[in-house]
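Letters A, B and C name the chains as they come in the text, with residue numbers starting at 1 for each one.
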Amino acid sequence: MTAAENFAALNLELPPAPSPLGVYKPILIVGSLVYVSGHGPVLPNGSLLFGKAGHDVNADGAKLAAQQVGLTILATLIKNLGSLNRIKRVIKVLGMVNATPDFGKHPYVINGCSELFAKIWGPDHGVGVRSAVGMGSLPDNITVEIEAVFELADA
Amino acid sequence: MTAAENFAALNLELPPAPSPLGVYKPILIVGSLVYVSGHGPVLPNGSLLFGKAGHDVNADGAKLAAQQVGLTILATLIKNLGSLNRIKRVIKVLGMVNATPDFGKHPYVINGCSELFAKIWGPDHGVGVRSAVGMGSLPDNITVEIEAVFELADA
Amino acid sequence: MTAAENFAALNLELPPAPSPLGVYKPILIVGSLVYVSGHGPVLPNGSLLFGKAGHDVNADGAKLAAQQVGLTILATLIKNLGSLNRIKRVIKVLGMVNATPDFGKHPYVINGCSELFAKIWGPDHGVGVRSAVGMGSLPDNITVEIEAVFELADA
């Protein structure tokens, strides 16, 4: 099964690939690496998921937001690379949770994105290194922001 | 126009390149990439810009601090590489805003740095991937800290 | 003196290399670079150091936690690479301190890790670029989380 076939089998709806909210590129290729800008949780209708984990969003809601960030990153990869099959493997994920000072379930939350990537590129190539941490605030109060680095299959 | 000429045309004053506040190097070269340590907003007289966005600094003040961080990074590049012309393009910016939990204008703030880089290296090479996020605190209460990765022109 | 000999001379006890708390790998090699996931401060008995800098941990306590994170990263490198001698140099450290909004001594805290690395790989190769910043929260309220990039000696 290819990554594109794995994604199709999940029957998940892709959000639109977001336009940058500032002066940056959604992705940038250097050699065999694809650097991906920080992405928020975009829904299929283009709106975002808001709220702070530990205050108005619980850990399960934040995990769903992280999965939605993962889908948004997939949308950006498909728009800019043409296909998920262009990606060989996940290198690195920085998962940033908008959270209260006493929130502690960041790894559980960011698994929402990591489990999605593992289903698409497999338990080895779909899993990279990761940090899962708590931010004091995020743009417009989105619940999760994730930046990532991938390796190209065909560099 | 070269990057150095573009910078000269802006008529902006460079701060002194800061000495590390801890056990780290200002920049490090690996292959064709220049990794740049987190920089704060240093003024031409060597002092720093302090304050938390959403509390004692507003979004416009924080954007000016981000521009000042950009100038400080330029000072470090010139001191360590000899010229801004040694840089081919911006790869990645991690823009960290010292902000209250309800602050939401991080992309607007970090544009203060990104717009400066875009004027120097142009709208393509001067713009890389980016995350703009809110920190609970920063060293000595500086307003913005930014780390970056550039690609060398002559690697 | 090799890195392994330098470490032995410090007479510090290694914690067990931690198992991932989520869907990620402890390290990942790309070309000559070793990417290391965010690590917490694991003690030799396997427990973690908890608490927020500026609240229930002071700057010196947080610096000890950062040193413990450094030791935990060393344990992961040894487990996955076989020896600290496989590492040529430190490229990058992102030091994240779980801190109150008014905490300001992040560089001092993260030196706890950076000074350890400098003792092992020396004042040039043991010191890379770095950011030291304050997080609103960290997993399970650990005091410090650090992610890093190293260069292999034998790539």
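Some notes on this structure:
Please note the rule applied: contacts are C-beta pairs under 8 Å (C-beta built on N, C-alpha and C of every residue); 3 or more make two chains touch, one makes a residue touch a chain.
Worth saying up front: this structure is predicted, and the values here are computed from it rather than measured.
Rotation angle relating chain A to chain B: 120°, from a CA superposition, given to the nearest 5. At the chain B-chain C interface, residue numbers used by both copies make up under half of all numbers present, so the two copies contact each other through mostly different positions.
Computed from the mean C-alpha positions, the centre of chain B lies at a distance of 25 Å from the centre of chain C.
Across the assembly, chain B contributes residues 94, 100-101, 134-137 that each touch 2 or more other chains.
On chain B, the positions that touch chain A within their shared complex are 33, 54, 91-94, 97, 99-108, 110-111, 114-115, 118, 127-137, 151.
In the complex of the two chains, the chain A residues touching chain B come out as 21-28, 30, 35-38, 52, 94, 96, 98, 100-101, 134-141, 145, 147.
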